[in-house]
Amino acid sequence: MAEMTYRDAVAVAIAKEMERDPTVVFLGEDVGAAGGVFKASVGLLEKFGPERIVDTPIAEEAILGAAMGAAMTGLRPIAEIMFSDFLAVCWDLVANEIAKARYMTNGQVSLPLVIRTSNGAGVRFGAQHSQSVENWAMMIPGIKVVAPSMPRDVVGLLAAAVRDPDPVLFFEHKSLYATKGDVEEGEIIDELGRAALVRQGRDVTIVALAAMVPRALAAADVLATEGIDATVIDLRSLVPLDVTTIASSVVATGHLVTVEENPRLCGWGAEVASIVAEECLFDLDGPIVRVTTPHVPLPAAEALEDVAIPSPARVVEGVRRALG
Amino acid sequence: MAEMTYRDAVAVAIAKEMERDPTVVFLGEDVGAAGGVFKASVGLLEKFGPERIVDTPIAEEAILGAAMGAAMTGLRPIAEIMFSDFLAVCWDLVANEIAKARYMTNGQVSLPLVIRTSNGAGVRFGAQHSQSVENWAMMIPGIKVVAPSMPRDVVGLLAAAVRDPDPVLFFEHKSLYATKGDVEEGEIIDELGRAALVRQGRDVTIVALAAMVPRALAAADVLATEGIDATVIDLRSLVPLDVTTIASSVVATGHLVTVEENPRLCGWGAEVASIVAEECLFDLDGPIVRVTTPHVPLPAAEALEDVAIPSPARVVEGVRRALG
Amino acid sequence: MFSSRPQTWTTTTRTAGEPAPPVPSTAAPEAVRLSLYRRMVEMRGFEKRASELFLQGLVKGTSHLGLGQEAVAAAFGEAMRPDDYTFATYRGHNHTLARGVPMMPVMAELMGRESGLMAGKGGSMHLTSVQHGMMGSYAIIGAHLTIANGAAWSAKVRGTDQVTVCFFGDGATNIGAFHEALNLAAVWKLPVVFVCENNLWMEYTPIGSVTAVRQPAADRASAYNLPPALVDGNDADAMYAIATSSIAGARAGNGPSLIEALTYRHGGHSRADPAQYRSDAEVREWLERDPLSRYRLRLVAEGVSSEELVRIEAEAQSKIDEATAQAQASAEPPASLVEKDVFADGGATWRR
Amino acid sequence: MFSSRPQTWTTTTRTAGEPAPPVPSTAAPEAVRLSLYRRMVEMRGFEKRASELFLQGLVKGTSHLGLGQEAVAAAFGEAMRPDDYTFATYRGHNHTLARGVPMMPVMAELMGRESGLMAGKGGSMHLTSVQHGMMGSYAIIGAHLTIANGAAWSAKVRGTDQVTVCFFGDGATNIGAFHEALNLAAVWKLPVVFVCENNLWMEYTPIGSVTAVRQPAADRASAYNLPPALVDGNDADAMYAIATSSIAGARAGNGPSLIEALTYRHGGHSRADPAQYRSDAEVREWLERDPLSRYRLRLVAEGVSSEELVRIEAEAQSKIDEATAQAQASAEPPASLVEKDVFADGGATWRR
């Protein structure tokens, strides 16, 4: 058991996979000599050399194209897109090429690749560097979507993502990089598509992801003081989606609240809500409440960003509404 | 009253707006001399000349960039992105620039522009030319999203989109271009955000968009023979979303079925379902059922494409499930 | 900006802006030249058949023919090693056949049959046969140049000496991905050959009207520190010469090259296009440069017997007939394919 | 591919690959030169203050300083007409001040205050003041080159003779949007001046290591049928000369130009970066070329009185002090701004 930061967990996980499998390569902007702008790949160049840790030009389409072509011909690339906002610059590669290749070729092409990116708000970078775009990824058939909330899961889920035969979009949360947590020694390989029950309660099911998980837990603590006992589910991956865990919790509690950092419309919480409204409607004892970032681009100023992103207080308020 | 095709309605609407307002300009690939690959802009070059009807290189970022820069400095551009799949190539301009400019500048910048694109399946073009990506657009704060189902609405909604002070993503459905319908004479200007009740029934609310509207109506006809009386709502725009019309219908019928061409996860139907599950939960007498394209890239072969896209039969089946 | 009238040029690679150097005499052995001819005959016959099947309503959706552009694909097909990689566009029938992919599954794919190369899931625009090194046909302009880089990078990392060849049109040179791909290939010195088939037209717009330079690829080469190469794309010998040398260069570790092959499509952009926007004179001029009839004349003039050529032509016809018959006889794909192969487990399941 | 060591060059525009032509003697009147000096002094002082405020925890988030690069923005600011358009990057403080935007709202924006240029909604990376022709600072590499084209196109269509100037870094030359924008500008002959500030580094990676040509912008000009222009970006006179001539050319209808200005940032990429990746020698060499102290020496050598310069410096300081005090005194933005101005009706309502 070692304590490490979320940031260090990334480098640890990559290093483990690269040691294990010589076909794993890693490319992106400023990832090598500089160790990444979030310092999440420090030391990798020294360990694995410039053949496997590759600095690229500012050319995100070229980065993902290189990853895709390499994946279809025997390598297992990890590509970094520095900020998830920049996925828009190479969305064609993600949505039209990488996600569709296996299907269009009737299974001839395999794309074992990982796209790592820093997602989310909290560091006051403004509208073009703070978005939560996990819902962009979820809506594209053919990619898996993972978003860890703690260092241990970074290690376990990144290992699983690299070993997965399908393309995985791996969302690291930039406001979590500095957070610390315990990581057990030895190999950790999680299964993609298993949510974690991070708090078990009787009265309401709160479903959260990434940086919203600690906020949901903080809200649960507040609710506990009011006598409301909340279950908190950390989804960990959106595709595959752990409907089993969500549904069985909702059946038990009768109430569902989702806590999303993505802006409101067509967020992942909408998908979760629609599944529950179809499959567990008669188990519900109250409205499904979604707590989301409002449907706005993000403001830069600290005072405003703090209002935009779901806070524990807003989660508490959402639970109260759900319980009626 | 004149009968015209959906295709011709596009050119008619653009021509009307260009005659009315000299600041309206139109740009895209093959839109001028060739009249557009779907022949939806035939005759415009002859009418308005090459200053206002402009052929571009294959460079979608350059197209939307030009539209954006022109819109912020006094023009009202209509930009064509030939197939909606290609929005991925210029998604940065849509999601990060056009959608966010007004907000980031605290209202200094206005972007009265329209992005027209051909959306959807039905013509066996395969995975990269048949997607329904209206949910991509809906999830981005800062743009309006419109998708007409019939020639009359093409005219009325396109006029409204061009006159709107905000950026509008206008989805024409490529399988509808050849369909015909009556269009009243004179000026038609619709209000964005008003759904149409295209069939009034007592038993269930079916919400559909664009090419799914005729299919929902066909399903309603079948259901009628079984004694099930369906309301069919043509949403017409996703942003603004006519929650009032949806909710009041659901309150009346107690049952909701959405019919989406976009693939399942985070489709617009999920958003609609989540709103109803929050705001009208106790009005529901059965599960909310979503009929969608399965969460797959689209196959090319006729036999397969027909299976993938929601058919009237699948809508009928969905309604039966909703009614339990 | 420039008119779309074809320039006159000679069978040569030319440094843009410089006078044409003397033509290197083609020294390909006769077997190679007969093979080139056979390839072109097969491609031509295959696509003519596809076009007939379309008119009969048997090919649905869209398809983009390379009629008139066969020399480019044939020459590279001839020059490539079986384990080399091809990346092509929606106009990729020829490039697919060029890698030895049998006609039947290609024809069946166009017809949306279960026996198709991708069981009907990809269609005409996405022909792929990984076992033949045909790594895909891509229908959104630009992206596949970056993907081709990836295959070339992989070959380099894995230490094979496979070469990647990537075909695209003149129109593709103006999109961003072209620029990103060429720069990366040059910086990483990748074993990749980029082949621009300049057929003077995008869909319905002349390339000269939307391009800042006269030669959309050759005049951009210097921006990537590459030598410009402009070649007669309708001359199979010239194409074979440049294919061989560029592939050899890539294999030897000299990095990428960018070739602009001047050619012309005889028909419209896609099946829906009668191509009325082109002048009769332009079409006539280019039909006279038809790579197939021109090569036939040359071979005969250089002593190849007519019988031999007729035999090749007849063999091609029966291959095409057989492929057509088999494809036509095969079944439509079953509905179960719709949810097959989204993920590596063979299915489309996104939940547990 | 190339080392990041600065080349030696002279104050000149140079055709890439050709020997440098003789330097055109700068003939700007003294008033202009004093104004250039004043602009640079103000920029330098402003950004030094911003950097101090960051260290005091008063500037949050990130900010990218142009310390050392002032001559480029100052020269264009001096040469532009009030109704011309500027498009800049996240490293855009100088370009914003250059258009006459007052210091206070810029400082307040960095500090996230309600009195900020965008009331705190945009932040340091998105400075915009439409009334000053400052059409925005853009934080995603590449896009704004295409947007600048749009403003230039609009001016052309509307028949004004406004010119658009678009600034970007060396790293931006390798992204697709650069290519698309340059080609379109050339084909449409737009009144736009593209200014690449080559400061040798992207974030932490030397531009030479990821670029196929030596001069990332100048060596690409020919790909758009434009003449290459390489200029000493740390020489305010040289910058002013090329700014004037390129703007005049654009205004006269001669179409776009592409300028590569060689310069250097004194500090790190952004506030988080100590810039340890650069050699001491490199930094020292460039500090010696500092545009501000160099210009001061030149002005003094050419007879401008020290008193005059000191007066300018003092005035700048008090402007900065005043702006800082006012910004610091102003309130944080109210929560209501979060849902303001998503749409033109002033709100964020997406439903009815």
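Read from first to last, the chains carry the letters A, B, C and D; within each, the first residue is number 1.
As a working rule, contacts are C-beta pairs under 8 Å (C-beta built on N, C-alpha and C of every residue); 3 or more make two chains touch, one makes a residue touch a chain.
Remember, predicted model here, so these are calculated numbers, not experimental data.
Placing every chain at the mean of its C-alpha atoms, the farthest one from subunit A is found to be C. Pairs A-C and B-C differ in how many C-beta pairs touch across them, and the larger number is found at A-C.
With each centre defined as the average position of its C-alpha atoms, the distance from subunit B to subunit D rounds to 40 Å. With centres taken as mean Cα positions, subunit B sits 30 Å from subunit A.
Centre-to-centre, using mean CA coordinates, subunit B is 36 Å away from subunit C. Annotation for subunit B: residues 56-57, 59, 61, 85-86, 88-89, 92, 96, 103-104, 126-128, 141-142, 239, 241, 264-265, 295-297, 299 touch two or more other chains. Listed for subunit C are residues 119, 121-122, 126, 138, 140, 142, 174-177, 180, 183, 187, 209-211, 337, 342, 348, 350, each touching two or more other chains. Residues 60-62, 112-113, 116, 119-126, 138-142, 171-172, 174-176, 202-205, 209-211, 277, 332-333, 335, 337-339, 342, 348, 350 of subunit D are the ones touching subunit A in the complex. On the side of subunit B, the complex with subunit D involves touching residues 23, 25, 51-52, 56-57, 59, 61-62, 64-75, 77, 92-93, 96-97, 101-110, 141-142, 144, 164-166, 193-194, 239-244, 275. Per the touch definition, subunit B reaches subunit C in the complex via residues 29-30, 33-34, 37, 55-61, 85-86, 88-89, 123-129, 264-265, 294-297, 299-304, 307-308. By the touch criterion stated above, subunit B contacts subunit A in their complex at residues 85-86, 88-89, 91-92, 94-96, 99-100, 103-104, 126-128, 135-136, 138-139, 141-142, 239, 241, 262-271, 273-274, 276-279, 281-282, 284, 286-290, 295-297, 299.
The residues of subunit C lying in touch with subunit D in their complex are 1, 142, 174-180, 182-183, 186-187, 209-213, 219-220, 222-226.
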